Amino acid sequence: MLARVQEAAFDFAAEVTAFQSTLTRSGAVVSFTGLVRDDTGSLDHMFIEHYPGMTYAALQKIADQAVEKFGLEKALVIHRYGRLQPGEAIMMVATAAAHRKDAFAGADYLMDYLKSRAPFWKKELSKDSATWVAAKDQDEAALAAWSSESAAKES
Amino acid sequence: MLARVQEAAFDFAAEVTAFQSTLTRSGAVVSFTGLVRDDTGSLDHMFIEHYPGMTYAALQKIADQAVEKFGLEKALVIHRYGRLQPGEAIMMVATAAAHRKDAFAGADYLMDYLKSRAPFWKKELSKDSATWVAAKDQDEAALAAWSSESAAKES
Amino acid sequence: MKLDILYFAWVRERVGHSQETYETSAATVADLIAELVARDAGYAAAFADLSAICVAVDQELCDFNTPLIDCREVAFFPPMTGG
Amino acid sequence: MKLDILYFAWVRERVGHSQETYETSAATVADLIAELVARDAGYAAAFADLSAICVAVDQELCDFNTPLIDCREVAFFPPMTGG
């Protein structure tokens, strides 16, 4: 429904406040924020590359799918690219629905799709190394689970 | 970990911003807000009664359980009581964890426990009626699912 | 034994008050409920369907078999609807 | 057929550039990859493990059997790591 790709930091508080302010039929709002994590204590920064021609449309499509699948009143996706410091917010999603379970499932679904279907690539840079973050098998498994869940419901 | 019971409105955006600002090892923050919903268009206001001697300890216990069960860095629960207008926020939770799935599961778990184990009672008041909101069988089923999940993992 | 008894939500409305101090020798929660029900129609209405009643003894959720030894506060209420 | 080919992340690093215009008669994505691999060691290294390569044709994710009819842009990249 709402999607944005940007290099600049976003103001989570302002985004969520604006998101909530327009709701008319929702009783539940869920938000997720992903932060740059420094597990080893040696991360200098993260660099996120993306596919400018494709990224916005991919985010928009994922958000629309979540809205339709879970009957959301609204969904929001913001994803950054470029250089990010440890602790900085990489991205956020927000979902609003009449009922709690749909808002949670919508946000979880958005995240599963963003992980593996939005054209971003993360590189972790430390003093001694530069490593592209590898996709995980479990990311694809998470997507497959949503499809089989739909198939089960529809059958 | 952090729990608050209050009659006054809270500033959701400010609360989540403060919550995020102290994190040191989390890559994922999930928040949930519950809003007063007016399904029929006839709701005048909601009144929430609580058990002052017990409420804070119950929220604290639920938050501590979520932190331990999902290895959260931090959890926050704020719940209001008294008179609330349609669209107003009733309560919020926030969770922070290294990984996304734990943050989501922690928030979902907190909500399931708050629904049925925190001493609040909601009354919906319209021009013509005053009705106590009934607990749903599915609320207890949701709690039972967490217990059987634990039992399965531990066995 | 002197107890504070608290009532919430529609249990409170049926009983007619939110709190009372009550002298009893009831051994368990179930015994206490039986005594209360015998007092008047309001209590009887409040406790008519025990499957819809929850109880906390000294602010801990428990069940009707819980003994009332050395306890100071008993609270009755419908299933909670937080969140 | 003249194509814009885009490379991202470590595919870009191995190929040595992020974008090029390329003249080809390849019928499918797989045919195009075979042509590229034959060009030099950088391309060969980039496409050494095809299970680690994703492709988008005209900005839609697709697979290696996708035909290249009337397409204008092909992009190669590793599995995405958004979120």
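A, B, C and D are the chain letters, set down in written order, and residue numbers restart from 1 in every chain.
Throughout what follows, a residue touches a chain if its C-beta (ideal position, glycine included) is under 8 Å from a C-beta of that chain, and two chains touch if they have at least 3 such contacts.
Keep in mind that this is a model prediction, so the values were computed, not measured.
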Graph distance between chain B and chain D, where chains that touch are linked: 2
Intercentroid distance (Cα basis), chain C paired with chain B, Å: 26
For chain A paired with chain C, centre-to-centre distance based on mean C-alpha positions, whole Å: 48
Between chain D and chain C, distance of the C-alpha-averaged centres to the nearest whole Å: 72
Residues of chain B engaged with two or more neighbouring chains: 34, 100, 111
For chain D, residues that touch 2 or more chains besides their own: 83
Pairwise chain contacts, counting only pairs that touch as defined: A-B, A-D, B-C
Chain A - residues contacting chain D, complex: 34, 49, 51, 53-54, 57, 79, 90-91, 111, 114-123, 132-135, 139
Chain A - residues contacting chain B, complex: 12-14, 16-17, 20, 23, 25-37, 39, 87, 89, 98, 100, 103-104, 107-108, 111
Residues of chain D touching chain A in the complex: 6, 8-10, 12, 56, 59, 61, 73, 75, 77-83
